[in-house]
Amino acid sequence: MKKIINDPSTVVAEALRGLAAAHGDLLRVHEDPAYVARADAPRRGKVALVSGGGSGHEPLHGGFVGLGMLDAACPGAVFTSPTPDQVQAAVEAVHGDAGVLLVVKNYTGDVLNFETAAELASAEGIDVRTVVIDDDVAVKDSTYTAGRRGVGGTVLLEKIVGAAAERGDDLDACEALARRVVANVRSLGMALTACTVPHVGEPTFTLAEDEMEIGIGIHGEPGRARVPLEPADGIVRRLVEGVVEDLPFVEGDRVLLFTNSMGGTPLVELYLAHGVAERLLAERGIRVERRLVGPYVTSLEMQGMSLTLLRLDDELTELWDAPVRTPALRWGV
Amino acid sequence: MTCTAEDLVRALRAVAAAVADHRAELTELDRVIGDADHGENLRRGFLAVVTKVDSADLDTPTAVLKAVGTTLISTVGGASGPLYGTAFLRAANAVTEKSEVDGPAAAEALRAALGGVVARGRAEIGDKTMVDALSPAVDAAVAAAEAGGDVAAVLAAAAEAADRGAESTTPLVARKGRASYLGERSAGHLDPGARSTALILRALASSAGAR
Amino acid sequence: MKKIINDPSTVVAEALRGLAAAHGDLLRVHEDPAYVARADAPRRGKVALVSGGGSGHEPLHGGFVGLGMLDAACPGAVFTSPTPDQVQAAVEAVHGDAGVLLVVKNYTGDVLNFETAAELASAEGIDVRTVVIDDDVAVKDSTYTAGRRGVGGTVLLEKIVGAAAERGDDLDACEALARRVVANVRSLGMALTACTVPHVGEPTFTLAEDEMEIGIGIHGEPGRARVPLEPADGIVRRLVEGVVEDLPFVEGDRVLLFTNSMGGTPLVELYLAHGVAERLLAERGIRVERRLVGPYVTSLEMQGMSLTLLRLDDELTELWDAPVRTPALRWGV
Amino acid sequence: MTCTAEDLVRALRAVAAAVADHRAELTELDRVIGDADHGENLRRGFLAVVTKVDSADLDTPTAVLKAVGTTLISTVGGASGPLYGTAFLRAANAVTEKSEVDGPAAAEALRAALGGVVARGRAEIGDKTMVDALSPAVDAAVAAAEAGGDVAAVLAAAAEAADRGAESTTPLVARKGRASYLGERSAGHLDPGARSTALILRALASSAGAR
């Protein structure tokens, strides 16, 4: 295993120290239990947005703490959901008496830990709501699975609902908006290589030199199917088709297209893939009105990408465009 | 033979040692159909449990079990953290007001633990989860207690059944947890949580039997 | 070779199409010869800042085109300097009659090609100056080498001089400022893994599982020394010492610390390394007043990192803080 | 025997073919002490050269050489683009007003080419660059021309000397270009640019000799 770390068991704590040093103007890091909070939290009268999940997906979630996005993020161990006491402490630190919305990616661990935290915080008299995001079309959503995973759509949800909270929407409105985003966002990812979890020391799966994995998760877990490697046109076509046909997105839809790197894929490839996706969507008459391109929901050093489409309306577009000032997303301010 | 708070603490040290010894095995099982963290999650959790029960002054079985539950919840994370944590909290509730746990109480505690896991995780037998190990363990424990078994006998029966229950997960297609994302590809592999349940029960039984 | 591409010979052109699609609000892409220009160029009366270099270092340089930074960037083939006609065309497209400053990383190929372009543009009556950046302390600077390479410091130079040009500094002032940045900035990098150039198809060098390369270049070229892999503390100490002792940076110096990923190193490791660097600098009494952490000068999917230190004064700090709006750096606007 | 514009175009096709054939070899040489693009740079450049000289109506050697120079400059990039480009532009200047290139003119053109490379790159013999191949090639060409050799003889002599000159770069420590970053580690490897110079001259010589 080749990593710039000291000890697998201190990776997250040490990275948080670096995050705090790098972005002291935007956020504060609390060490035990570990959470990242907006520097100016709590904001009285503002709905607080709190998220979290396993580490190793950076900049998700800590890189999205700041004005117009998250009030707090709770990082678990690498690829392991945080514990309820982290979430509870974060909620108590940042809530501004206007309620708290928990943004939870749909994994059994995250759901159970946030659920427990919500119970604890509610017992303290804080109005806590939970929205679960499950945008990954790779997973069959049925009573016979844990349901779809939350992946790339999480960033879009955090940005849009963060903007709503920032402009003063109340908890009901924020919760309803979050559900609207969930209802209109879909993602699909793929990997060329696996990643190595520090305490495991070897890749989570292996792919031959001529194979790729479609429908990959963001925790180094295998995906839906292993198929022969294809040129970018073929790869992106698979992702576009998977995403578009699921909702489905149809001719005339206005969308936000998010082309995401799993971490190890260089920007030159990502922009290339983004160009292909724009072309394929144009062919279907789907109008890309906003874009995000970069490594935002990653899986350590995994090479691969995902596509996320969000169906836009005027309000979602306005909230997407609204000012945001976080380590990883910043505009308008 | 019964089990005091002190016996329980000794048994938990044995559990922590067993989990640490099998860290790599659990991680490897979870690598194949999950995300390769189950071994590390439980190692971290039970290390914290040992530190906790060693430092706090816990003089009843219920106090010990409660400390275990809250510690696991606040240190494990993942799916297994709240599940095992809830299991221990429910077990703690089942033995309130007892200063020693006898055979029937142990069976009752295990039944309560299973109830907690199911309440949180909503898994059924055959979903390829820890329930597949814990549920037959409870049945065996109850039967052993009804047959007049002491704590050691009850736990031995539970461990035995949990081992077989864990094995039974291999051919199953997962319907809960992370392994369910794999669909059919999850068949042919032992469930890491079922395996860890069997391991934990085996360590508890051995500790009780060694007295 | 596992990459999301169609054909090695069209990678750059296709990536530029994706860049254009993603950031049409900020920039325009010209196809043949290839260059990226600010959407609102030429800006009358403003000094134009033009840079470029081989592709594969994204977001450098195309990702830094926009308000407060570059007016144009010329991307060569992967790891190959652009040709003079690209640079000349870019200069002619964006100059605003206040002169043009070419920012050139010190590589023989870049220097020769930009030099030729400068001759051609001067012949057209455009006042073109060139500043060569050579901040890589890994290379011995002597008459017996091609001199130090330009690496991470390039981003800082482009940001700071871009801000000066934006506020209306004239060509002489911009040129002098650029030389001041060059005089005060130093970098050192390392790699855990090599990268694969698309048309080569295999890694440019090989490193054993227990080795790392110190003083790595950003073109997949080998570095200064191959040594056994170390924990993050040791790696970062090597980089800090190499950089600090070169200028040297001394107790009381105010600096900007730029912790850069070579592309394949995940953010969680990068922040961890950044935290270590902050600690080591604090121990030396060097005051970190500004930071940049992320993958900004990359080498495709190479895993590794570099540290860059820039000695700050009030003016450099003010120019660093000034508004910038580009695909990869954005604040204050 | 002399060399017309048409002969020159034919010879350039041979050069392009040689460069394409040796692309992998040049890339590999550059991979070891550089950045692995020399083969691809020259393949791209000479492909463009062939397209250019085939499409344009170039009826004098100087016009052909000038087209080669400008095409290389605008398509190769890297260090070798401006260097080879300037070499061909200077060679073009050296043969202005000639409709055919004879032995002495060929030697003169090579001398001018070397002058261009040195003017741009400021490398000296022993710096481990293309100069180490081109410089002895010029000496040999001049000697052959003085001995009354025709174009074929002059180029053959140049190619022969360039081969030996290229070989001579192997033990050297690079002092110019990207390989100089390696310091002592650059010794023991053939310089890619010296090798490509030898290849180009060999292809020119073979084409001239085949007539």
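For clarity, chains are labelled A, B, C and D in written order, and residue numbers in each chain start from 1.
In this section, a residue touches a chain if its C-beta (ideal position, glycine included) is under 8 Å from a C-beta of that chain, and two chains touch if they have at least 3 such contacts.
Small disclaimer: the values here were computed from a predicted structure and weren't measured.
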item	value
Chain labels contacting chain A and also chain B	none
Common touching chains of chain D and chain B	none
Furthest chain, CA centroid comparison against chain C	B
Whole-Å separation of chain centres (CA-atom averages), chain A against chain C	29
Length of the line joining the C-alpha centres of chain A and chain D, rounded to whole Å	54
Computed distance of Cα centres, chain D from chain C, in Å	32
Multi-partner residues of chain A (at least 2 other chains)	78
Shared-contact residues (touching 2 or more other chains) in chain B	none
Touch-based graph of the chains, sorted into line, ring, star, complete or other	line
Pairs of chains satisfying the touch condition	A-B, A-C, C-D
Partner chain B, residues of chain A touching it in the complex	9, 33, 54, 76-85, 107-109, 112-113, 115-116, 138-140, 144-146, 149, 197, 199-200, 204-205, 217, 219-222, 224
Touching residues on chain C, where the partner in the complex is chain A	2-7, 11-12, 14-23, 55-56, 58-59, 63, 78, 192-193, 209, 212, 229, 231-233, 235-236, 259, 263-276, 278, 288, 291, 293, 295, 298, 300-301, 303, 305, 325, 330-331
Chain B residues within the chain A interface of the complex	27, 31, 34-37, 40-41, 44, 73-83, 120-121, 175-178, 180-183, 185
